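Labels run A, B, C and D following the written order; every chain starts at residue 1.
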Amino acid sequence: MNTIGNKFVFTSFGESHGRAIGGVLDGVDAGVRIDLALIRQALDVRSGRTSTVGVSARAQNERDEVEWLSGVLPDPEHEGQLISEGTPIAFIIRNTDARPQDYEWLRHHLRSAHADYTYEHKYGIRDVRGGGRASARETVSRVVAGSIAQMLLRARGVQIRARVIQIGDETDSRQWETLLADVQRQGDSVGGIVECTITGLPIGLGEPVFDKLQSHLAYAMMSINGCKGFEYGTGFDMTHRGSELYHDVPCPASGGIEGGLSNGLPLVFRCAFKPAASIAREGHPRGRHDACIALRAVGVVEAMSALVIRNFWG
Amino acid sequence: MNTIGNKFVFTSFGESHGRAIGGVLDGVDAGVRIDLALIRQALDVRSGRTSTVGVSARAQNERDEVEWLSGVLPDPEHEGQLISEGTPIAFIIRNTDARPQDYEWLRHHLRSAHADYTYEHKYGIRDVRGGGRASARETVSRVVAGSIAQMLLRARGVQIRARVIQIGDETDSRQWETLLADVQRQGDSVGGIVECTITGLPIGLGEPVFDKLQSHLAYAMMSINGCKGFEYGTGFDMTHRGSELYHDVPCPASGGIEGGLSNGLPLVFRCAFKPAASIAREGHPRGRHDACIALRAVGVVEAMSALVIRNFWG
Amino acid sequence: MNTIGNKFVFTSFGESHGRAIGGVLDGVDAGVRIDLALIRQALDVRSGRTSTVGVSARAQNERDEVEWLSGVLPDPEHEGQLISEGTPIAFIIRNTDARPQDYEWLRHHLRSAHADYTYEHKYGIRDVRGGGRASARETVSRVVAGSIAQMLLRARGVQIRARVIQIGDETDSRQWETLLADVQRQGDSVGGIVECTITGLPIGLGEPVFDKLQSHLAYAMMSINGCKGFEYGTGFDMTHRGSELYHDVPCPASGGIEGGLSNGLPLVFRCAFKPAASIAREGHPRGRHDACIALRAVGVVEAMSALVIRNFWG
Amino acid sequence: MNTIGNKFVFTSFGESHGRAIGGVLDGVDAGVRIDLALIRQALDVRSGRTSTVGVSARAQNERDEVEWLSGVLPDPEHEGQLISEGTPIAFIIRNTDARPQDYEWLRHHLRSAHADYTYEHKYGIRDVRGGGRASARETVSRVVAGSIAQMLLRARGVQIRARVIQIGDETDSRQWETLLADVQRQGDSVGGIVECTITGLPIGLGEPVFDKLQSHLAYAMMSINGCKGFEYGTGFDMTHRGSELYHDVPCPASGGIEGGLSNGLPLVFRCAFKPAASIAREGHPRGRHDACIALRAVGVVEAMSALVIRNFWG
């Protein structure tokens, strides 16, 4: 339920306004250097603090700080760095907004809390802490775990790079700043499309017939909040006929996967993100990264890609 | 690899031109009546023998006949019907085209066989029998298993119905017959989009945060040969703003899933199928169902949906 | 439920008096030669046709013949041999005693069939075909799959050898023939202990903390019908003190496993088999292998060991 | 690797002398009251602070204190109690002996650390913090998670009770105090046998043919440090013949499981624990619970039983 992977296994926990969110990452070899700067950078992209797509970053008061609970040792050779022990890496990021005195309030106001329709129906208890597991904050843990997976993959020559390619109807990135300013001013939100390119994969990654590479990528992407679609290669583009597409082997229109296995070409897929619901519902203006959640999803798409690829490539 | 599900578990086996293809379905309760006519009908749709979309069906010399190996008993009350025993249901469909004398030929011509680029690279052996596991024939097993899942779901009031909604660029179904005739005449192929609607689901099916309902559906659909994209709700349509979409709870634009869980509205998703490669490559004309594999994929989409839903709804 | 392993995956199906029993083995590399003689031999040991422990084998009218459904090709270089394709290997062994006309009888006598207490309670349907999945006949499939695993392990220098070391209270094998004759004459049954020795394992096989090597071996052995106990190293022998046991590293008293991982010494474990229930209940005399099911379990213990080891050593 | 269960899923993390050990428990329904006193008591038994077997408890300076990270809320109705949210319950127990300044030492003395033979071979890095994951301290997390499982099972009328029934060769509990004092005086260690009885189970828990109840119990018990054997029912006792055992249905000699499924009788199994290695090796005297690790294993056996039963009984 809250675990993904079977060889490289990530378990996520924590509610958005609880004490902490965190994760456990099992399957990291011993002796791997953990690049804390890379994790720092990925977290800043996710939080909207750093922008990678030419859209102004939002100000934010506090940064997510990772606290390591297990599985890592101080690197004896590099001051301030960590090295993996081969045991499960557990970490948390404290939710600094959560205050103990809030709990007093809970005793008397349990019924008036915000609630998610389906969660409440399923669990019979509303997660009173403000969205709970369904919140986008849960993705912080994914970014930490995915960054570690990316470190392992880089050592093998794999590069994973995601970017926004469309905001609303607009594919020209020079228009995005204006578009987002407009959306933001109206307290509205807009959807977007993220494209991810993975290079350096060996040929043959994936397993027929159910554990195809695209199956696991789609599974992982659709688990990201707000993701409503996944496509690779020609995807939903129906303008081509077969005769145009298959002149070469491996096939450039393949998106990097044939028969469920990587074919050595760059793997390219796209994810559709819907306009955020919370803005429209709550009506209060937010930063540009909230006006289009695809902007913040970029790092999560990379993280989930890395977890999937690393799990296949044990 | 060749198994899907963890509570309702389907294992698929068999090469397209080997002796037989088949499957094992574990998790079917004892005492369930197996509706052989429903399975017959689903197999005819898959093979292109029966058309469900207003496109002429192709002639075909032989039907797929299911041979039951285990897990079912003759129904003592209904002549010619079967009843499940609660043990794994194993079945095969023989490949009637496979002939023993072909094996003689193999000893001397192993190298000249057709081969799939990625498979050959991964396995180091070409599946000499003509496409092997990567062939669309493997979906016969899925249809049989999925039909049993559908029987179980119907008893709970769930209806799963897929249909083609677009062929090539054309969404007007009255134009499809002409379009396909044209494509077929040119020995070409064209893509298509299948939409699947599931009604009667309870609220709350699915599991946060990785085992979301849409994650498992996407996983299953992307495992179908030729499927290049999956979307639900607003999907890749980027024309809307958040303010238009979220007036009601549950949300009609949701596609039937909110927060990873079914919300009681009809679940609607779409799958993109690419133009078939084999036609363009081999150049010989085939029937209309081969000119657009989406037509034959309809039953497979329903079957995989049923396996996913039944696995969630143990 | 009927599947074991996650990388080397075996699925078992078939009822003891149904049409066939069989299995699907997923994870066998392409190009492996299948030694049919080894499978033949293992099946003969299991059926009691061949004796490996100095106890007279029983006569038996028919042999179990394996029918290969998928995953194997005729070896182009060796007449009458098979070679794996890298796809799931499916096989069946027909139950030659099963006769179609028996089904007529079922319609009228469903209620009078033999039934297993717990199965009937769980499934609500009695497996009218004589024991169904709970029957020892199900182990035929395990022996076939395990034999293939053994072939793969032998190529890596691993030898798995099980033998009976105790029958009833008797550990002196020279007394067994007489003991069994006596038990058999009385229409009774007696328990036995099987010891299995695995040599040639690399150091470090197994995974902390739950997927220890002994955990998976115990899991697999306890799934064999009639197995009531598993121990390795000093096991239930409580005569030693710590000071006697740990002079050397690796430790000879370890049974070949330390900290859940193989330590390079021969791995030695023992399984306790109870006296068979069916004989005592039904009262009719059978052969000596039925008087002590441990004799027939030898090959099943080897087969299950091979499946476990191969799954760990992907 | 560090995860057990598929519906009621427990993930364990933390090294014995790292910052903390902990776990994540997924699958706990929302609204369950967490009995902190029960967890307190189970931890005291595990640490040897509380004795349940008539053997003097050892003094110990500090208690294990559980810190809850996620998945629980303050119970609005009961001061100082917790209630589950339905999300993953994450918790840690800090290792109070671990001191940051130890890390300085590590930089210069990495090579001289204690190391476990197989771990070092497998991971290539010695867990410098004193035993790491292989340490018995890891079982603290199991006890916390297992206690929660026990709470859930008690609500369904299931009682799980383990006790030591043999220490060394001695089965008379009145002799244990003297025996242990003697062993302890010699700086030696001795093995022991723990028997666990589970009452209140429904009939039919378990799954044929691999996921038998005894298979999962054996798997879980063999994962406990020092456990060398598992048996149920007649187990390794070979004194009986079949004719003595099977007069009644369900069978009293069955140990509560027939055909892999619970039969409604009390489920009784036994685990053999070896003499602790560390004492004999290191030679320094310790408390009586260290002289016989079976004494401390009692709570771990109960905890692992509860995890297994709860996972089957979703």
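Basically, contacts are C-beta pairs under 8 Å (C-beta built on N, C-alpha and C of every residue); 3 or more make two chains touch, one makes a residue touch a chain.
Just so you know, these numbers come straight off a predicted model, no measurement behind them.
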(request) Return the chain whose centre of C-alpha atoms lies at maximal distance from the corresponding centre of chain C. (result) A
(request) Please decide if copies chain A and chain D contact each other with the same set of residue positions, more than half shared, or with different positions, and reply same or different. (result) same
(request) For chain B and chain D, let me know how many angstrom lie between their CA-based centres, rounded off. (result) 45
(message) So the centre of each chain is just the mean of its C-alpha atoms; given that, what is the distance between chain B and chain C in Å?
(response) 36
(request) Pull out every residue in chain A that's touching 2 or more other chains. (result) 1-3, 12, 87, 122, 133, 208
(message) Going by the contact rule set out above, which residues of chain A touch chain B in the complex?
(response) 1-4, 12, 116-119, 121-122, 133-134, 138, 166, 168-169, 183, 186, 188-193, 203-204, 207-212, 214-223, 228-243, 245-246, 249-251, 255, 258-263, 270, 272, 274-277, 279-281
(request) Note which residues of chain D are touching chain A in the complex, please. (result) 1-3, 9, 11-15, 18-22, 24, 26-27, 29-31, 68-71, 73-74, 76, 83, 85-90, 92, 103, 106-108, 110, 122-125, 127-129, 132-133
